[in-house]
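Presented below is the structure to which this report refers.
Think of it as A, B, C and D in the order they're written, each chain with its own count starting at 1.
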Amino acid sequence: MSSPSSPTTAATDQGMVLTLSCPNQKGIVHAVTGALLEVEADITESQQFDSPDTGTFFMRVEFHGPATRDQVQSVLDPVRERFGMELGLWEATRRTRTLVMCSKDGRTLNDLLFQQRAGTLPIEIPVIVSNHLELQSMASFYGVPFVHIPVVKDSTINSKEQAEQRLIDLVRQYEIELVVLARYMQVLSDDLCRSLEGRAINIHHSFLPSFKGARPYHQAHDRGVKLIGATAHYVTADLDEGPIIEQEVQRVTHAQTTQDLVNRGREVEGATLCRAVRWHAQHRVLLDGHRTVVFN
Amino acid sequence: MSSPSSPTTAATDQGMVLTLSCPNQKGIVHAVTGALLEVEADITESQQFDSPDTGTFFMRVEFHGPATRDQVQSVLDPVRERFGMELGLWEATRRTRTLVMCSKDGRTLNDLLFQQRAGTLPIEIPVIVSNHLELQSMASFYGVPFVHIPVVKDSTINSKEQAEQRLIDLVRQYEIELVVLARYMQVLSDDLCRSLEGRAINIHHSFLPSFKGARPYHQAHDRGVKLIGATAHYVTADLDEGPIIEQEVQRVTHAQTTQDLVNRGREVEGATLCRAVRWHAQHRVLLDGHRTVVFN
Amino acid sequence: MSSPSSPTTAATDQGMVLTLSCPNQKGIVHAVTGALLEVEADITESQQFDSPDTGTFFMRVEFHGPATRDQVQSVLDPVRERFGMELGLWEATRRTRTLVMCSKDGRTLNDLLFQQRAGTLPIEIPVIVSNHLELQSMASFYGVPFVHIPVVKDSTINSKEQAEQRLIDLVRQYEIELVVLARYMQVLSDDLCRSLEGRAINIHHSFLPSFKGARPYHQAHDRGVKLIGATAHYVTADLDEGPIIEQEVQRVTHAQTTQDLVNRGREVEGATLCRAVRWHAQHRVLLDGHRTVVFN
Amino acid sequence: MSSPSSPTTAATDQGMVLTLSCPNQKGIVHAVTGALLEVEADITESQQFDSPDTGTFFMRVEFHGPATRDQVQSVLDPVRERFGMELGLWEATRRTRTLVMCSKDGRTLNDLLFQQRAGTLPIEIPVIVSNHLELQSMASFYGVPFVHIPVVKDSTINSKEQAEQRLIDLVRQYEIELVVLARYMQVLSDDLCRSLEGRAINIHHSFLPSFKGARPYHQAHDRGVKLIGATAHYVTADLDEGPIIEQEVQRVTHAQTTQDLVNRGREVEGATLCRAVRWHAQHRVLLDGHRTVVFN
């Protein structure tokens, strides 16, 4: 490998993002910044967090410099080994390849597609999957391939098992890094949840207090809540209980009908999901056990 | 009774608040405003709500004029009977007699006392009750009698039953109209809850999602919530499930400790409780089954 | 005219919205509700406000019943004359015919179009006008005619004067009731502003403190503001100083660049403008001198 | 000086806060963390920011370890000199000595005193100064000496000049590190502002748009704003234009009177000022030209 100061690489000025976590001990930041200094990296943003709960140290660094990704990886390797780090290294301009799943409600899909095209969401969306056809024209307007994967109970050709296998095939085929459930109204199997752990984000309505069971907006209306909200979280086998990335609320009153609450809810859900996806795609979200560390 | 235009009452210009609820039907507003017109009342604020859930009609009117409270009551009586109304009529300047219960944490008590004295909370507080002594000096600074009612498990002289009887006696003695639980850390008995229904307000921490059981802030921290909140609600026998008056949230991050969450929570609780008490004391909160109608 | 109880109209159950304003005096609500009672109207929502600043009384009523619009108008006419009311009466399901003007930034246009199609914005958009071509494909996706009206300084065929005349023609041709400036980056002439007064809504970035002059987001960044916001207001000849309909803010930090602030700003602007347009289209916004009364 | 590992100091475990700023260049973090490693410091919180506007690098580190403040200072001195750093080093448990100035309105003073006593504000308040006597009893309740310094126009013994001299004397006498203007209704002279620069915090009402001149709440009411807010900022000679530390808003409606706006404003002002004071006292606020970097 060429040295960091070789003429071929010196011409570039590559922006990169580094994330790491490891058992906390003295000297981590010193070692990491020493390695980055070695490849003449210029740090532009850096955050760290020492979790008192798990004893884990978390760090995210944005930097740029003449070194290639491989060169940076090389100087970091000994540091990684010394501290037992989990370490990620990405080119800053690289867009996270994202598969979006949806059903009939287009609000969150529209938010994602618009922001992606406007350049405020650092993802690319090579494919959209839906168990319905309603949102095909929206996908088509944004020029994104739309794959219809119906799920039919007790069907031999469109069973949930087969549908999930097709999804897994698409994830492989399109080299998907992130799956976003944009109001996809099918419960994923435990196996699929586990296989996507840490790389699938869901959006969920949320209330104070929360409501279990069916028709939550009806329950919220019956209870006369004054705030309705949304929670964006990573998907885990434990339904709707995955690590929380972002939450948001909006005010409602006694005069609003259940349908008003639903509409208001959709608005909050779209905005909250977009923020969660943006932070994930910028490698700002790290897992600390069941909690997230969000460096935003 | 003197007529509305009699010289003695014409001199006064009495502000009043009227609240009413009844099964919805045509002609209610016309009848009510007709009666108020009869006593030359000038309406300054009026709100109404037709609940589609319970078929109940709600109305709140602020007005002023030359008529006395008795005169207004007289012209409203036939309307009340005709429509089967529950009806309340108050002089606008009258302050709701409020008993505040607290334990050791003074944040919400301090908010209530300061705002009461500053004139931004239309209540008077003739007595404060606590099962501890920590907040006696604060009560004394604000010149409010402080009654210490300890509650001791399995005690023969300070049992919960005796403590609640002393509270009931104080409510009678001080002609209390509203009991506010300002972080009072004792569960009230079902009987007491029922006897105070509609005239006791509690403040409760709230999260998305909510957490059952002990040490909720620890649970919220463990779950990594991004918002913490508070719910002010009427006390019912069904613990912490009474009709919601007001809710509020504040943002927190992964870096905040459980203690930070508790501090932030206290701040939200104080502000939320003050708003709920203000609206109740201004007769802006009406009960629609298990929901509240808040005319604010 | 047929009587309210005639068989032909009794079959319908027409929802309507009534708004009115007049100098405040006793008996208004009684008279209005009496008239509505006459046509057997069932009131479902009603709000009123007595402005102490201008002495004006404002009222908005939603009701339904067997009477036609003409029949309701007939019974209200004497009331209108007696109190000198400005009075509006609309069928509740009627959508406000709205012309949207835009330039290159599609965020707010996208929000309006999506919400209009989703049915959460009670408007129809028969035509979109832009001085640029960038947003033509978005208009086309939503099936809305797009009229390109370029504005060229010192041009003889595309002067501002001619552009505004073409706009006025479109307003007439399409029977437009509301003009929405969705980040339309041309200053309208005083004459046009005046001719659209009360039926044109603009969205404007807003800061605490505010910044006059060019490049406000740069100024806001330089000043290190912690909140950025948006104000939706009616267009008046006095640029960006028209009656405020709605305002909203979002939190920013020192780490965000001017571009980040712009992106965040666009998000707030879109949400704020949609709310203002919804309330206007539901006849919830009344003018009280230079202020708005918003019955929401 | 004893070595870091000497038995006498090894027994202690001292928490400290380090803040620094210098022209940005490579190697700063590596050098700082290297020095801290030398004294066996364990970093618990660390934030940094590279200002693209001024080319300045900012850093705040919380750590604990066996070294004394002098020992830490010693290892940092060469780093400071090498990079031309402005550097601050504080014991974490040390409370900032704060002088509070007030006039008649006690809301913000009450918030500060209560939170200080509750332990959620890491300051001590050795003295309160006021140009009026109204808040003396509140100071007395919290056991804080109250100094009355009246300011009388054209007076020979209570002139503004003399009042400010007495204030300066108190700042010296009480070894004051921070002056907080808690709704102190006198304009400070340019000279005093300059001499307190960076160590005096003021709270100011704020609106979108903002209003210049007298009676801002009346202007805000006249303009019909939907949000009112507050800005906490450092005092500079340029009145109310100092670097912003924190801002907050609350929603208001057309129905609220000017007095309602003032009450709501006071509430926001108190909460906003407390946050700003807390962050300053925790050494979380650094100056980047006219902007603040807030590491919270």
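Points to keep in mind about this one:
Just so it is clear, a contact is a pair of C-beta atoms (placed from the backbone, for glycine too) under 8 Å apart; a residue touches a chain by one contact, two chains touch by 3 or more.
Each chain and its UniProt protein: A, B, C, D = Formyltetrahydrofolate deformylase.
As the structure is a prediction and not an experimental result, all values here were calculated from the model.
With every chain reduced to the mean of its CA atoms, the largest distance from chain A is reached by B.
Across A-D and B-D, the chain pair carrying more C-beta contacts is A-D. Chain A and chain B have CA centres that are 43 Å apart. We define each chain's centre as the mean of its Cα atoms; on that basis chain B and chain D are separated by 37 Å. Among all residues of chain B, those that touch two or more other chains are 45, 49, 255. Judged by the touch criterion defined above, the protein chains are all mutually in contact, each touching every other.
Note for the complex: chain B touches chain D at residues 45, 106-107, 110, 114, 118, 120, 137, 141, 255, 263, 267, 271.
By the touch criterion stated above, chain A contacts chain B in their complex at residues 49, 51-53, 206-210, 221-227, 229, 231, 243-249, 253-255, 257, 288, 290-294.
In the complex of the two chains, the chain A residues touching chain D come out as 26-27, 29-30, 33-34, 36-37, 40-50.
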